[in-house]
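First subunit A sits with subunit B, and in the next complex the same chain sits with subunit C.
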Partner chain A sequence: MSGEDCDPMDRGENDGQKPDKMFTLKKWNAVAMWSWDVECDTCAICRVQVMDACLRCQGESKKDSYGKQDCVVVWGECNHSFHFCCMSLWVKQNNRCPLCQQEWSIQRMGK
Partner chain B sequence: MITLNRKLKKEPIAPEPTNTMNGLTSNESMVRRISVRDKLLIKEVQEMNENLPATCSVHFEDPNMLSEFLLTVTPDEGFWQGGKFKFSVFVTDDYNMAPPRVKCLTRLWHPNINVDGDVCLSLLRQTSIDEHGWAPTRRLKDVVWGLNALFTDLLNFEDPLNIEAAEMYNKNKTEFQAKVQEYIAKGKR
Partner chain C sequence: MMSLKPRNVDFTETWAHLKETVAGVVGLRAVERSVWNTRFSDVYALCVAHPEPLADKLYDETRNFLEEHVQGLLQRVRGTVALDNNDHNDGLLTRYVTAWREYSQGVAYLNSLYSYLNLQHVKRQKVSDAEIIYGSSATVTCPEHDARQLEVGELGLEIWERVLVKPLTSALTGRIVNALAAARESPPDPAHASILREAIHSTVQVRAFRVRAPLQLYQQLVLEPYLTAAAAAHAKLAAELLASGDVAHYTKHALAGLDREISLGARFLDSSSAEAVRGCYERAAVAAHLPALHATVHQLMKDAAADLPSASERRVDLRRMYTLLRPLGANALRPLVDAAHAQAAADGQALLALSHNKDEAHTHFVNAMLSLHGKYSKLFGEVFGGAQAFVGALDKACSAVVNSRLPSDGSARAPELLARYCDALLRKRAGGDADVDDKLAAAIVVFKYVDDKDVFQKYYARALARRLIHQLSASMEQEEAMINRLKAACGYEFTNKLHRMFTDVAVSADLNAKFQQHLRDNNLATSTGFFIQVLQAGAWPLGGAMAPLAPPQQLERPARLFEAFYRASFNGRRLAWLHHLCTGDLRTRYTPRLYHISATTPQCALLLSFETVDVWNARELRDSLQLAGDAWHRHLRPLLDAGLLIATGDVGSETEDDTSADATIALNLAFSCKRTKVRLTCANAPNHPGGSSSSNSGTAAEPGETAAHCDDDRKMYLQAAIVRIMKQRKVLRHTELIQEVVSQARGSFAPSVAMIKKCIEALIDKQYLERAPAALDTYSYLA
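Then we have the complex of A and B:
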């Protein structure tokens, strides 16, 4: 970083000449964006954000030991994500992803 | 829709854990929990009404019961043009894991609806190995579109429920058309 700064000594020597650098960066603001690492952030079954508790659990207001709602997200091999509660109800009837019809197998679970 | 908005507001918010001594506080047990079906219906009925095809109209006998309604289809083209066909739609408790139950209340001559009112529409099929059957990703508006399309795009003579109707069509289309209109005329009388 210091290499980009103008040395006062240099400036002294170049007095009266045009400085090498026309601009110096005095201040800048970085803006970062983030999103959940999922293809779709809404559970297509209950239409609630996957990071929130599903419609069923919201009604029952189940809480885990941290006082948070204990409703985890499940990702399939097809990379579609749902609430684990919603998906486990559906696979009992039809073991396919309701979004892409692929055979459902769990890739990972968690929050 | 005023009633829908009011229903949304009435949706009980999880009670604050004021009394942690006994697991079920009186407050919690008193609030009758709204079922998942009813929560879904509040959104889906509104969405259905906003996206109703021009040939369809819905009627709720009891505006507080979103799980039962009548759908009227008045086709503006095809064999059934000029007819008015009523369907009863009943959304069961296990919605949206299970499709709504649909009956056709108007007697009609149609390859995919028999004279008893049973409807053969793939998206209303509970178990299906292909992508055409029921899935919890489907909504009420899809059901309405499906039933409406039975008179046009989804009309299927290849896999009929009313075999007699399909056979008649394959043999003699004029006779089929006449029979369709005969049923429509009977219904108007």
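Then we have the complex of A and C:
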């Protein structure tokens, strides 16, 4: 990361700018962490953290290879969130949010 | 041509002719073909004679004749010798075998002469095999007194046994046993050998036609007396061997004796006796001396494992000992297995205790274990043919050594050392090791013996995170291969998080490319090189150290651009910057020489604050960057230490969180350093609650913290296991529950019973379980 010195360019660029510049920032190696934008980080249906795959997917991924984040999160109009897998099974029985009993309709899906 | 028609036959006359020929046949004298043919017809004529078939009469007369004939042979065989002197060279055996050769051959011919009688007369009344084996009213009596007729060949053999062998039984037995004993000492000449062999085999052949107990005569006459005599001889030999030399001497000769005995048996005895002969030898010569042999195995094992020139001889001794003991079963081998275990364990402890460089403790540990494992795998493979019991003993010993704890520190160091070993191999190094793959594969050998695999996983995950974030890995292929090896050893669950970390890095590379494209497409290019890694929460062992920071304007722009890009690319995701893990590359412009400074984002922010101002009030600087608490000190300290910044007054310290109001910090305009590249790190945060701030430096402060972490995880794991088991079984006794839990947990750690009990208590408190009202030691599951 600190190894690449593209000096000719560097100079040209700097000479053209303010000579009194104390530092130039050459490179920034940023690290960020993402998580689902949820109020409660546990899925109320399977009791697994929404960041992890739901129980069902964890059980299945033992067989095939891991990798892609297929087990996404879904938000209802009530703003409650669950694993999409868990919720799609839930609504087959009861088309209401398990937490607030409102009619379930999807507000958005995680991607 | 004679007529096939039944006719009147004069029995006396016909039998007189026939008898003459019969005598010639059993005496193996020449019989003319025409005579033979005539006699053949005579048998037929007698069998179908009119008005009465004379078959029964013929049969009786033939039997009488044969009995007489054998009686005569008996006299010939007995000769003039005293029967009870049992001298096997007195010619009795020779005469017996000569008579047997002649008679058995003659009777075989006779059988064909009488084939019509056999076929038409005897066969019809013969009992079937099934009747003989399963018994019927007709076969209750023993065959000797059976009135029913036998085929003539069989009749001849029966008579031989009854008339000739019976009276000579003890004489034959004595001579055969003595001859065999002599043959054991020195092989007899071929003529004698074949006499002996034929004498013995005659006792088998004479009853070979019988379905029931065909070997009875052989067993009574030869095998049993022989084994009795042999056992005494073996016992005497073994006692002499033990008295005259050490165990090596004994094993060598005892094994030679065994081979001799087996080949003796193969040469002279019936093939069915091989097991019995071997067993007899083992009981008499080996099993009887087990205590004496067992007393020596520890020393022998020690000598065989030693690095001395004599070790290879001792190994041969040990192999002989094993060969002798193995057939005697697991109990006879146990002391040998125990000795193998003790020796490997002691050697392992000695290897670990060898002095070594503290910094190389991980290499020392893994190499010691590998050389232990390699040495004893080879030794046991060579000496014991890789027998399961010894492989098991080695595994037990290795596991004991790997997980041994020093009295000084409570927890085993294996997980940490092994993780450090892997880390060192997987990191970029100047040299570049050619056999890294082999070494990593070998590390798995050690890994399999580690009890606390969960602790290893924590150390490994932390080191992996460090390598991935700071791009220190030598090769991503190696990283992935190692994760797959761990997965193969421990399963998907164990490496799940490691794999997610690995995947994040791959996804990030893709994301960066897309982001750069996005910038170009929208003419948003920045002057700063920007590279980002987006990690998923939950998979990385980074703790919660997300110190707030007001980033300088130079960083703000790329950060905002990326956030916008990320939000547009994904849905429902929240992004948090891990500033303490970000690094920036700065270049100084105010120094005569140009310095490259690599530092964390807060440090970059600190430095960039001096873009327009040369001296800051410390407290104001802190507030403007929103660096809170100890983060301020951890990032500032390296800058002061490197001499880039100069503090006047009290800027506070790690322990004392106060920055005095009048302290100032100034940019050191006269900064100089021998190297042009200055790499700043951020100091450790030893007391940060729950946060391991993934700094670059050592693992010194970590073990205690990791242990505490692990304890919590283990409790969760155990509680989950208990609930799973109880949910399935509903009601379970305490001991069974403990057993099940231990067996489930074994893959990742060895739980203590006390901890399991605590978890059960916790679950009872949480009303997952209850003690069954009737029985105290039984739990039931509450749905």
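Keep in mind that, in the parts below, the second predicted complex is superposed on the first by the 68 of 111 C-alpha atoms of A that agree within 3 Å, B and C clash if a C-alpha of one lies under 4 Å from a C-alpha of the other, contacts with A are read in each partner's own complex, and residues count from 1 in each chain.
By definition in this document, a contact is a pair of C-beta atoms (placed from the backbone, for glycine too) under 8 Å apart; a residue touches a chain by one contact, two chains touch by 3 or more.
What you see is a predicted model, and the numbers here were worked out from it, not measured in a lab.
Engineer: After superposition on the shared chain, which partner residues are touched by A:Phe23: those of subunit B (first), subunit C (second), both, or neither?
Structural biologist: In the superposition, A:Phe23 contacts subunit C only.
Engineer: When the two structures are overlaid on chain A, which partner does A:Asp52 contact: first (subunit B), second (subunit C), both, or neither?
Structural biologist: second
Engineer: With the two structures laid over each other on chain A, which partner does A:Thr42 touch: subunit B (first), subunit C (second), both, or neither?
Structural biologist: After superposing on A, A:Thr42 lies clear of both subunit B and subunit C.
Engineer: Determine, under the contact definition given at the top, whether A:Lys111 touches first (subunit B), second (subunit C), both, or neither.
Structural biologist: It touches subunit C, and subunit B stays clear.
Engineer: Have a look at where A:Asn79 lands relative to subunit B and subunit C in the superposition and call it first, second, both or neither.
Structural biologist: Touch partners of A:Asn79: none, neither subunit B nor subunit C.
Engineer: State whether A:Pro98 touches subunit B only (first), subunit C only (second), both chains, or neither.
Structural biologist: In the superposition, A:Pro98 touches subunit B alone.
Engineer: Tell me which partner A:Ala32 touches in the superposition: subunit B (first), subunit C (second), both or neither.
Structural biologist: In the superposed model, A:Ala32 contacts subunit C only, not subunit B.
Engineer: Report the partner of subunit A that touches more of its residues: subunit B or subunit C.
Structural biologist: In the superposed model, C touches more residues of subunit A.
Engineer: Kindly list the residues of subunit A that each of subunit B and subunit C touches, one partner per complex.
Structural biologist: 58, 61
Engineer: Subunit A touches which residues of subunit B in the complex?
Structural biologist: Per the stated touch rule, the residues are 14-15, 33-36, 39-40, 43, 96-98, 126-128, 130-131, 133, 135-137.
Engineer: Enumerate the contact residues on subunit A facing subunit B in the complex.
Structural biologist: Checking each residue of subunit A against subunit B gives 44-47, 55-56, 58-61, 86, 89-90, 93-94, 98-99, 101.
Engineer: Which subunit A residues qualify as touching subunit C in the complex?
Structural biologist: Those in contact with subunit C are residues 1-2, 5, 10, 13-14, 21-38, 49, 51-52, 58, 61-62, 66-67, 69, 73, 75, 81, 108-111.
Engineer: Which residues of subunit C touch subunit A once you look at their complex with the stated criterion?
Structural biologist: 469, 471, 491-493, 496, 499-500, 503, 527-540, 542, 546, 554-555, 558-559, 562, 566, 570-578, 581-590, 596, 598, 601, 604, 607-608, 610-611, 667, 677, 679
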